[in-house]
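The structure that follows is given in the form of structure tokens.
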Amino acid sequence: MEITLAHYLVLSGVLFAIGLIGVMRRKNLLMLFFATEILLNATNIGFAAISHYYNDLTGQMFAFFIIAIAASEVAVGLGLLIVWYKRTGKIDLDIMTSMRG
Amino acid sequence: MFEAIAFYLFAALTIGMFTITVMTSQALYALTAMAAGMIFISAFFFILGADFLGVIQIIVYTGAVMALYAFGMMFFDTTRTMVEKRENPRVIFLLGVLAATLVVFILISPIVSGHLEARYPIDAAVGNSQAIGMILFTKYLVPFEVAAVMLLVAMIAGIVLAGKKMDKSLTLMAEEEIARISAIQTSQDAKEGVH
Amino acid sequence: MEIYLYIALFAPLVGSLFAALFGATPKTMLTGIVASGLLFLSLVSSAILLNYVMMGHTVHVEMMTWIATGDLYIPYGFVVDQVSVVMMMVVTIVSTVVHVYSIGYMDHDKGFNRFFSYLSAFVFSMMVLVMSDNFAGLFIGWEGVGLCSWLLIGFWYHKESATWAANEAFIMNRIADLAMLIGIFIIYWNIGSLQYDVVFAEIANLPMPIITWIGIFLFIGAMGKSAQFPLHTWLADAMEGPTPVSALIHAATMVTAGVYLVVRANPVYDLIPDVGLFIASLGAFVAIFAASMALVNRDMKRIIAYSTLSQLGYMFVAAGLGAYWVALFHLMAHAFFKALLFLGAGNVMHAMHNELDPFKMGGLRKVMKGTFIMMTLASVALAGIYPFAGFFSKDLILEAAFVENHYIIYAVLLFTAGLTAFYSFRLVALIFHGEERYKLFGIHPHEAYKFMLVAMAPLLILAIIAGSFKLSYFELVTNLLPAVEYHIHHPMTYWMITIGTQLFVILAVLLAYKKYASWSSVPDGTSKLENCFCYKLLSNQYYIPKLYEELFSKPYRELSRIAWKQIDLKIVDATVDGIANLIYQTGEKTHTMQNGNLSSMLRWMVIGLVVLLVLAVAFTVGYNAVTMRAM
Amino acid sequence: MQEHILSILIFFPALAAMLGFIVHKDSARAYGITVAAIEFFLSLWLWNLYDPMTSGMQFMEKAPLVAAFGINYLVGIDGISLFIIILSTFFTMIGIASLTETRRVKDLIITLLFLEMTMVGVFAALDAIVFYVFWELSLIPMLYIIGAWGGPLRIYASIKFFLYTFTGSLVMLVGMLFMAYFYYQATGQWSFSILEWYRLILPENFQLWLFAAFFVGFAIKVPMFPFHTWLPYAHGQAPTIGSVILAAILLKMGTYAFVRFSLPLFPDAAVFFMFPIAILAIIMIVYTAMVAYAQEDIKQVVAYSSVSHMGVIILGTFALNVEGISGSVFLMIAHGVVSGALFLLVGVIYDRRHTKLMSEFGGLASVMPRYATIFGIMMMASVGMPLTINFVGEFLSLLGFYKQSHAFTLVAGTAIIVGAIYMLSAYKKMFFGNVTKDENKNLKDVNRTELLALVPLVIITIWLGVYPKPVLEPISNSVESIVQLMHDKAQTKEAQARIPDLANQGAMNSQQETH
């Protein structure tokens, strides 16, 4: 049974969907971050798989940069989260309504 | 055959772990499942021959990122059960499933595949890490440097944000006021240190 | 000779501009004298041109281009030929007299200078009208006289009735002008030129329906200016203007422009006798229609205006029957005695402090001998009694109708001639004879200035002797117009008809004298006669003005209001605002989407993603389907 | 300098406007008048240099902007645009000279100078993108003028004006882009040059769609019924100077664009849509004339009369023959002069009485005789009295359309009747009768400044009415080339029949004669 690119892409898609569900479902900001990490990782699998099956390193490069971005995102995001927590004492998404239109 | 077994095994594990991450109400479970999922993903990278990426995945995600989250959780004290108000869980699942189906449909449909052509072919003669290094420091040098700067900025931003008083602006304050605030700050820090 | 043409044409314009320079300053006698002098110059030039034309020449100049685009070429071209020179003479004579007369008549008016400016401008327009060598030039004059008529009817602009009448005249003329414009368009697109000579040379080659349409539209144009039914109501109302204006514009010149147009366009109307017959029938109808309204009217000027209308009907009968030279002849004679009549009426008005009701006058012949003589003679001329001008011209029309075998028209005209004599002398009798009823109103009448009477004298002479020009006139104009002689060949019939007409007319005169010469009281609307249906019908002008008011003015006003308030604001604009509001309301309603709640935003984000994905799939599937089919 | 005169004409006012910011506010007026006068004399010089016998574009300048997509700064003029440009510079000068506004004069003058740039730019542009840019830019100064110096409802009016016209222009932009794309498909090159588009023959169904897209933009600008409702608000709220420029120049952009774009690019579509548009034009003429008659505000009367006259212009344009189009272009200028003057005149009385309601006046002829005279002359010009400027245009427009449809022309011709009705009754209400209101008894007649602005307009009105040749001849030459182009491009039988063939006309005429 040959594992084809499609298998990886389907897996990537499924993981992405899980991440999406998490994004929508979570109200706790920290948990929300977890869900975004899942999204990023789902794409990473896709990139790596395409890179492999097409014999091209570009995909891996992208995955690499995505990891770098994810890392900085966590750093900045957590920093902001701390600031928010200091001001309000909560990290619940529902109280963040200052962007009301 | 081996590859297939490994793929299905890790796929099942990854999906399971991430599902726990998303669904559990225990923050600690979520964190742990997440870390496990990350490691399982690195397994795919190894299967796909992207050794360097796999290593990075383990180091950066499981090592750095997860550790950060762990610290964060301790700081926020979210170790206990979270109470989250949910609206329309069905809609959420519907949307997720719909998105997944569409993405999968797009990805497996053989439209794009025909036109792809390797621009930076993997050279079988050199190892994965070496090949990555060669491309990273030639073609992707500028993005690499930018990424480095970005990480630096992110680091500084993280420190500043975590340490800054959001309601006060030092640039707008008079000298004496800054002195007064810093005095209060030190005394507070001292008290907290006692606790 | 060209220099005389230019002098004749532009001297009035110079006079007008000169007077306009003093428009805002208080009265100066200078303007009146200069304007009159310049008009006299124009008269002299016209006379020289007449002399030149009598010798068998014509003058044709092209001053410069007016409009030239595509194939259209309209120059400022002027022609002095046998027809236009007659008109020029009529216009300049009457207007010179009226100018001089006005110096006295407008003596006490604040707008003295302004008046002369308008009056001379009118003469200029009229000269353009008659001298132009193309239809567009004619239209310039046509509109120009309309404008001046508007200015002059509304000269006393503080009077509501005067300004109303001015606007009515202008707008009614505009209706006819539109038809005239359409007639010009038809001519242009079928012939490619508007020059008279080209048009008249080519007209016979056109298909019959087109010639008919040209004839009809040009005649509708003429109907407006000449106040033919149903566009006649403005003429009586136009009497709101100063009396010299009525004399010049609404009796002698402008209103006859329609007749001039038909005469000028005789090659067109010669080809369409059916339209000609219609014109003649309408003319006959207007003749009797207007005369009947004059019978009972109690406004001196309106009576004369209706008589003008009636005489215009006569002219159209002649023109419609193809007797163009007769029409033009009657036009000329009529101009002289009708202007005289109006000027006399002006004297009476002055004497009576603008009282217009002849029933409030009476016995004025004692104080106003000169005016009395002039008006009586003018009325005699109007009634067509031998040997005055009216006899020659009006009798010719009757003869023409008889010879052409249009006996109904003939009978109508004959009867109208009797009516004419009756109402003319009713007026004369009421004003100058009988008891001095004006004393009841405490008025002290006085005769007008001497020089005014002197100024009127040329008209008096012409009203008496114009008939004697008939032969030389005939020789002159038949160079251009069809030379049809209308003679009843049977001498017996001829004499019977002529003498019969004369007797009938004289009988009418005597009847009028008998009934009105010893009138003693001022009717107050209670007598039996005044309450009978016929009287009311006639004195209300057959209720036509009222009908127009109800049928056109009011609905138009109402419709305009609806168009604005209901359609424009409530439908058109409301639709636009509705669309804007719809968008705005959509924003209002959906802005809760932007409630700032991050978790709902995230959900929207996912929905957006799903939508994009669906689109992507749909497009690719669709694209594939198309390419597959293409393959 | 001669070869760059158009660029100078376009950008000199903008440059002057920017320099205007550093001018002291007390001398702003003098500065504005000087700049506008220089600009006006430059445009007169342009006329002097213009060769009236040539029908094509003159003073062309070209500089690449986006070479890859064939977008160039391409300007040039022919007889059609020349006089509208002169009209623009003239009215800017007159407008600034007669300013009576006291609030923020300097800003107003700067805005006007910017507006002048956009106006000249629109009429000189030969590249669709450049045209579009100037077209849209012209909205902004006008938006300011109405919004900042307008009446009590100015915000509503200015936003309505902006959004309405802007929406239309966007549809037009889509049309332009598609046109360029089609050009690319047909020739393999991108081009936005109108002159190159002229050479392209489009299939009929494409023409219909593109015509419709352009039509939306132009029709709202004109404004054609039923897109006209922004105009009364804009006029009602705008200050005098705004109304003058709006009526005299900005509306002409729409009709000018019909002549420049719609006709030569889509001759078949123009013939196809001729009668629907003629019906709209007739509704404009008659219906808005009726609406004008019902107005109580003298400025609204003039505003609606503008719409009514624009109907005649549209009708002349879609006559599709030399007489009609020349007439309509001439009428654009005529209507610019006359309606501009009428708005100035309304401004005169508004300055004195601060009301525009006709019921507040009455008997002004005896109080302000000079004012009444000038108003009367302009009113008569508006009514279409021969020997005034309007008559030439109206006569030719109607004459032209008569060739296409007799009945329509007859109905449209009622313009001369209904026009007389509302104008005369408005004049009567304002000037005739006795002075009933005490406020009106001591009104001052027009002063020297106002005369300075009005007398040239009167002179032009009569001069071009008596002797239109200097203007009509270049217009007619250029129009002939457009009509010939349309005939050559026409594909459908109907279009070929309706658009005259000037080149072979001589031959045809002689043929007719032999028959």
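Odds and ends about this structure:
Lettered A, B, C and D in written order, each chain numbered from 1.
Here, a contact is a pair of C-beta atoms (placed from the backbone, for glycine too) under 8 Å apart; a residue touches a chain by one contact, two chains touch by 3 or more.
Computed from a predicted model, the values in this text were never measured in an experiment.
Shared contact partners of chain A and chain D, listed by label: C.
When every chain is reduced to the mean of its C-alpha atoms, the one closest to the centre of the whole protein set is D. The greater number of contacting C-beta pairs, out of the two interfaces A-C and A-B, is seen for A-B. Inter-chain spacing, taken between the CA centroids of chain A and chain C, is 91 Å.
With each centre defined as the average position of its C-alpha atoms, the distance from chain B to chain D rounds to 63 Å. Note on chain placement: the centre of chain A and the centre of chain B lie 6 Å apart, centres being C-alpha means.
In this assembly, the C-alpha centroid of chain C lies 35 Å from the C-alpha centroid of chain D. Among all residues of chain C, those that touch two or more other chains are 603, 606, 609. The set of chain B residues that touch two or more partner chains comprises 92, 95-96, 99, 103.
All chain pairs in contact, by the document's touch criterion: A-B, A-C, B-C, C-D.
Considering their complex, residues 603, 606-607, 609-610, 613-614, 616-617, 620, 624 of chain C touch chain B. Chain contact summary for the complex, chain B toward chain A: residues 1, 3-4, 7, 11, 14-15, 18-19, 21-23, 27, 30-31, 34, 37-38, 41, 44-45, 48-50, 52-53, 56-57, 60-61, 64-65, 68-69, 72-73, 75-76, 78, 82, 84-86, 89, 92-93, 95-97, 99-100, 103-104, 107-108, 113, 116-122, 131-132, 135-136, 140, 143, 147, 150-151, 153-155, 157-162, 164, 166-167.
Contact residues on chain B toward chain C in their complex (touch as defined above): 91-92, 95-96, 98-99, 102-103, 105-106, 109, 111.
Touching chain B in their complex are the following residues of chain A: 1-3, 5-22, 24-28, 30-31, 33-35, 37-38, 41, 44-46, 48-52, 54-58, 60-61, 63-65, 67-76, 78-83, 85-87, 91, 94. Partner chain C is touched in their complex by these residues of chain A: 20, 23-24, 26-27, 32, 93-94, 96-101.
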